[in-house]
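I am attaching a structure below and will ask some questions about it afterwards.
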Amino acid sequence: MSELSLDPGLYRELVRRALAEDLGWGDATTNVVVPPDARASGVLTARADVVLAGLDVAVEAFRQLDPAVAVDARRRDGDRCRPAEPIAEITGLAAPMLTAERTALNFLRHLSGVASVTRWLVDAGGGIRIADTRKTLPLLRVLQKYAVRVGGGVNSRLSLDEGMIIKANHVRVAGGLRTAVLRARAARPDTPVDVEAATIADVHEALDAGAAVILFTGSSTDDLRHIVHLSTGRARVVVSGPIPVDRVAVLAATGADTVSTGSITESAPAADISFDLRPL
Amino acid sequence: MSELSLDPGLYRELVRRALAEDLGWGDATTNVVVPPDARASGVLTARADVVLAGLDVAVEAFRQLDPAVAVDARRRDGDRCRPAEPIAEITGLAAPMLTAERTALNFLRHLSGVASVTRWLVDAGGGIRIADTRKTLPLLRVLQKYAVRVGGGVNSRLSLDEGMIIKANHVRVAGGLRTAVLRARAARPDTPVDVEAATIADVHEALDAGAAVILFTGSSTDDLRHIVHLSTGRARVVVSGPIPVDRVAVLAATGADTVSTGSITESAPAADISFDLRPL
Amino acid sequence: MSELSLDPGLYRELVRRALAEDLGWGDATTNVVVPPDARASGVLTARADVVLAGLDVAVEAFRQLDPAVAVDARRRDGDRCRPAEPIAEITGLAAPMLTAERTALNFLRHLSGVASVTRWLVDAGGGIRIADTRKTLPLLRVLQKYAVRVGGGVNSRLSLDEGMIIKANHVRVAGGLRTAVLRARAARPDTPVDVEAATIADVHEALDAGAAVILFTGSSTDDLRHIVHLSTGRARVVVSGPIPVDRVAVLAATGADTVSTGSITESAPAADISFDLRPL
Amino acid sequence: MSELSLDPGLYRELVRRALAEDLGWGDATTNVVVPPDARASGVLTARADVVLAGLDVAVEAFRQLDPAVAVDARRRDGDRCRPAEPIAEITGLAAPMLTAERTALNFLRHLSGVASVTRWLVDAGGGIRIADTRKTLPLLRVLQKYAVRVGGGVNSRLSLDEGMIIKANHVRVAGGLRTAVLRARAARPDTPVDVEAATIADVHEALDAGAAVILFTGSSTDDLRHIVHLSTGRARVVVSGPIPVDRVAVLAATGADTVSTGSITESAPAADISFDLRPL
Amino acid sequence: MSELSLDPGLYRELVRRALAEDLGWGDATTNVVVPPDARASGVLTARADVVLAGLDVAVEAFRQLDPAVAVDARRRDGDRCRPAEPIAEITGLAAPMLTAERTALNFLRHLSGVASVTRWLVDAGGGIRIADTRKTLPLLRVLQKYAVRVGGGVNSRLSLDEGMIIKANHVRVAGGLRTAVLRARAARPDTPVDVEAATIADVHEALDAGAAVILFTGSSTDDLRHIVHLSTGRARVVVSGPIPVDRVAVLAATGADTVSTGSITESAPAADISFDLRPL
Amino acid sequence: MSELSLDPGLYRELVRRALAEDLGWGDATTNVVVPPDARASGVLTARADVVLAGLDVAVEAFRQLDPAVAVDARRRDGDRCRPAEPIAEITGLAAPMLTAERTALNFLRHLSGVASVTRWLVDAGGGIRIADTRKTLPLLRVLQKYAVRVGGGVNSRLSLDEGMIIKANHVRVAGGLRTAVLRARAARPDTPVDVEAATIADVHEALDAGAAVILFTGSSTDDLRHIVHLSTGRARVVVSGPIPVDRVAVLAATGADTVSTGSITESAPAADISFDLRPL
């Protein structure tokens, strides 16, 4: 999918449910503190270095409570924002803006967090690709994978129906790596088979059985270099696991194709973005 | 709510949707690699120090795909687990276990991550309470707030309908802190009013208007000490914001009641827990 | 539909949503007051004369929270129960029973209320039929119409797709009663047309245009008697509107076929039924 | 929550489902009787003394079928309307108005019914507060509780997650009133505990254990007066149960704080409001 | 229901789900090939003789992805279209039109297919009515039955709650045709009973028991002629089963009332309609 | 995906909704004709040559209404069944079986219809692959694509997120075939690009731009032979469009790889399968 496209159909319902989750039986504070016809203007502002992701999702939260809200976007998804830099100004009725604020920020801070850590890894390495995994937060995968693309990463498969990846658990249950790969290839001859391999012996077995991608889960850089050598012209090599940022360049130098890591989606800290209102 | 209770009605639908999100049109690998009647036993294992949270949720993922699965739980939510310590053993058909594995782990690793960072803060301080906020990940709030309780934290309000918290944005739109508090008290005389205050002047104004809780968002420890002194017998003092773990004990020493921080829900790294299958 | 049948598919989802509505984020009291393994037995008891309706719906509420609950039903839907008469005994875990109690009673008291007022009208008259209307409480129509049958009433159409009923508003917008009826008959020659009529002139016009049912909305008993005379052999006569119980026998004596009244569904007071637990 | 606020997010989905419930496979009458481009104007009119509640909900029903409908509201929620008094005029296409009419009225008549009986009780007493309960009609609670506020009543807890109320069933299962209250206070020291008490002995036990609110379910006015005396300075006293309107002033005179009664939500008769169309 | 009316409430949700089914995680091609602001005009064109049905449904698919789309309809539901005849022109943003195209066509081609085969049967016979059955494609019944009406057919009952039809399976389980009919009539005296009959003996038994409609499932034209004779003045005769188009006139000549056949909904081939875009 | 696997999670909700669609407010006939405790045994029987598909889906319909139903399957998906051959015997309560029958058959007859026409094409050709398209019936795609696999066909992409297929409409809007292909390749270098081509000139342009698959939509067999020649070693050739069964072998002889046709999913006639009950 193109890096920065995100069909509104993919998040409208999520935003609706998130607003309902936060609203409960109604906003007990805003309704008694703010006159219903008061108008205000609010600015989304970065408070740290962040890669912006999810601005349309955040705006959707404001729009669902006040369809007449006006949005003046200064930045767009993928932009790096500096501390104190305004991202967008939202103008409309004050009360629905106050009610939607937290939901809008919860999406925006999380998705920008994912994009930011992805970009940090992308920038750390000598051109090696940074890929995500299926280690995503439940119900948020489509948005998280979008944020990974925004951060310059690439998406691995979105769900279990795409491609075949044989993991160590499959191998143990199938009775061997070779058996597993051969079964997969027999069932779907046109589809490349990815295989998790922890050792060089695994890699030999996988390559001989016809694996198209080696997902190396070991930790030795020497082993990795050897595996890239073995696989050249036969399979792509993907390094899998939690990868410290200072190891990315080292891994890139081995000739491996891609680093695939769950931490960019399951452990990304929120990006620091605030929303400050002033009355009109 | 009692710390460790979590009604299954609160997560069954979430698990169902999370499985659907991961399943897509079906598990392309397992179905061709694993015989449908193969049985296996899998162990959930901690690979780092973690506070366990969400075991029932993870088990629900396995159960939804194979209702006949047997579960032998060695640990329960709230337990600290050491690296390599087995948490639970799951026995049943291999194929559905492989299909459910990622969804089960995505819940368990995230919730245990939230519980672990919460416990870390709780343990760091001299008895000050650690509270969460509404800075949660969309659609996961009820589970995240449960994980906070499991980690020894306390829940602030679950949604906008509970209690009244007047924030800086409310104050600006209402035309002043005092106005906002008085409106809130007039509308609901029996309900305590919480007020965000960044300065000592704010605190004076809030106390005079009858605030029941001061949410101090400033950063000065001296100011905080002063505020606790001012508020004694009039209001509880809650310190709000991102709080480094090494500042918790300092804050506790001021006499403040609670630290309220969004980072335990919006920035918690996943806990390292694995699932390893062997054939039966 | 047969009087007393109610397919579980028609209420399972309603019960699920009603439990979720009452549960919110969890039962804050039961979880801390009742040990999770405590068992109890509870008796549903009438505290007034009631016609029972909705016992299976109430049981479903208990079952959804504890599938292992045992039910010993002493009475069934349609039975008249005397004050202090036990209806059913439910045995199982105490905590889920306490959590489900209110939802179970809310269904049972409301549906038994509808059945009781319906039976009261049925018993008041000389054999005239008591029919409901579409004046039902939103989202509860299928259950309310079932309760009407339980009380000995008959169902008018369930929704707008069944049969054609031309009301005064249709007549005014269509430009005349005769025009409206002729349009309806031309569009669907096989379908009988019901027509609301407030005066004898209306009735003449409706009969001449071929109405199959006259819904008389006027209040004069003499007029009604006249209308029944006019309609004999041409159309059924239904008296429509809020009907005091002491007028039913008078209406029956006119030879009218049916009394149709919204009050049995939109204004039925709850039947007094309690649930009393004792520990096991 | 502020008395008269009702976020549209709280009823849009309910209205959508209620329309679907009434529509079935389509409106069999209107479609053949009314030309699709005919326009009309309809007036919602009180036919008895009613306290209006739910006008926005009724309008939503019309709007969902014809977004271009124009609404001229003469009265608003909380207003007392006299018989024959026009409430609002709706102008638009005749056909969708006829299709939506019943759903709009079903909401409006029910909610105004709840508001009207609440106001009746409020006006009957010497200032004692009238509170609702969780005895609500399934799936309609949020709207019913809003109507209670519109009628001048106050809301007790919305769902089981709010506050702790120990009822007779809890007491029996927990093994005693004192045990139950102490467990509740130990689990959540900051949260007040409400306790149902049927006798003066119960009240003594509850007060000694630290109850913050006594829910008196007995019927003796003398007992109540005694209980208010005992509780002064220690707990609020709420009288609970079905309360005849002529007893409200008597109860107020005892010094009790609040009357809490399910009848305003589970037994409120529909308010008599009609909708009369004329062609344009 | 009027032949050509189809309330948008009946298909909006279906279209939403169908778009989601086709969209998956987003349109991988359009997003990278077509500039987001490119505009285009597309023409829906018949490529064979078709009876048009479902144009509003197809338009809804385009509108859900681009609410600003302009539609110039040249033909409407029920029209016969010749090969190469333009049906409607849609103008708007190119990208959402490309994304919605397949969903729009899937509805339009299927529904026009149903209308076309229905019209073919209607035109084949000497005025006998062509009715559908409950042999419809799951989740599409309301739309298929609409397409049958568009094609000049009539709808049999929409779902199991409408009318009583006693089939051979009912008869066997009830212990005889007579028993089954008598039970049905006793339970609901006002409702006509339809009875499936395969032989003349069945017909005698059904008529004697009071059947209002005979559904003849046999294949002999002579038998049918006899049955029509037997039933005259007592019951309507409907011929049921898969009916070749060249048999319709023969059946009409017997005096039977209606042909009821599942093939028009469960076996209708798609109508050949295309959508051709050109850039603006 | 493996040919014959179909995760129950993919159809449970569809079956639930299809039953609700057919049930409406309840089964008006069965409930009054069949005693609630009557038991019966029913046999699903082929009445023509069919390739069976969807047996588990049909069984699910029976199971959802009677979880205790016993199933004795004689045949399984993919089997060819002869006329009068029993497929499976279902034993349980008669009433729910009668209520579920139509829904079960609607799924089974449709899916077996899809599998049968697919197998017919597969058998007709000299080994050329038969692939489906996105021309599926709304909401039934996952089941239809499964039935295609059961019939020996292969699935093209399931939804718009999989792979890139540039169609004639994309080409016109993008401003040329070459431009479109180059944009696609630039955006996602690792993903093969499929291109629709109607002429030999189109094929040259597509191959030069780097298309991986040529979808030939023309009708000339000579052109096709030429295109296969041109594409050898550069791209796979897929023939796209409605393909008469007697043309399949001719197409296979050209060396083309695959025939891709929408007719197997959008125009498959229902397979003739019946369900006959007998009392127990």
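List of remarks:
All chains are identified by letter, namely A, B, C, D, E and F, in their written order; residue positions are counted from 1 within each chain.
Heads up, the rule we're going with is that a residue touches a chain if its C-beta (ideal position, glycine included) is under 8 Å from a C-beta of that chain, and two chains touch if they have at least 3 such contacts.
Just so it is clear, the model here is predicted, and its values are computed rather than measured.
The chains touching chain B as well as chain D are A, C. The most distant chain from chain F, with centres taken as the mean of CA atoms, is D.
Relative orientation of chain B with respect to chain F corresponds to a rotation of 120°, obtained by superposing CA atoms and rounded to a multiple of 5.
Taking the CA centroid of chain A as reference, the farthest chain centroid is that of C. Per-chain CA centroids place chain A at a distance of 45 Å from chain D. If you average the Cα atoms of chain C and of chain E, the two centres end up 33 Å apart.
With centres defined as mean CA coordinates, chain F is found 21 Å away from chain E. Multi-chain contact residues, meaning those touching two or more other chains, occur in chain E at positions 1-2, 23-28, 32, 99, 142, 158, 161-162, 187-188.
Chain contacts here follow an irregular pattern that is not a line, a ring, a star or a complete set.
Of all possible chain pairs, those that touch are A-B, A-D, A-E, A-F, B-C, B-D, B-F, C-D, C-E, C-F, D-E, E-F. Note for the complex: chain C touches chain E at residues 1-3, 158, 161-162, 187-188. In the complex of the two chains, the chain C residues touching chain B come out as 19-20, 23-28, 31-32, 64-65, 99. Residues 14-15, 17-18, 21-30, 32-34, 38, 40, 42, 94, 98-99, 101-103, 105-107, 109-110, 113, 134-142, 158-166, 168-170, 172-175, 180, 183-184, 186-188, 191, 262-263, 266-267, 269-270, 275-279 of chain F are the ones touching chain E in the complex. Those residues of chain B that touch chain C in the complex are listed here as 1-2, 5-7, 9-10, 142, 145, 158.
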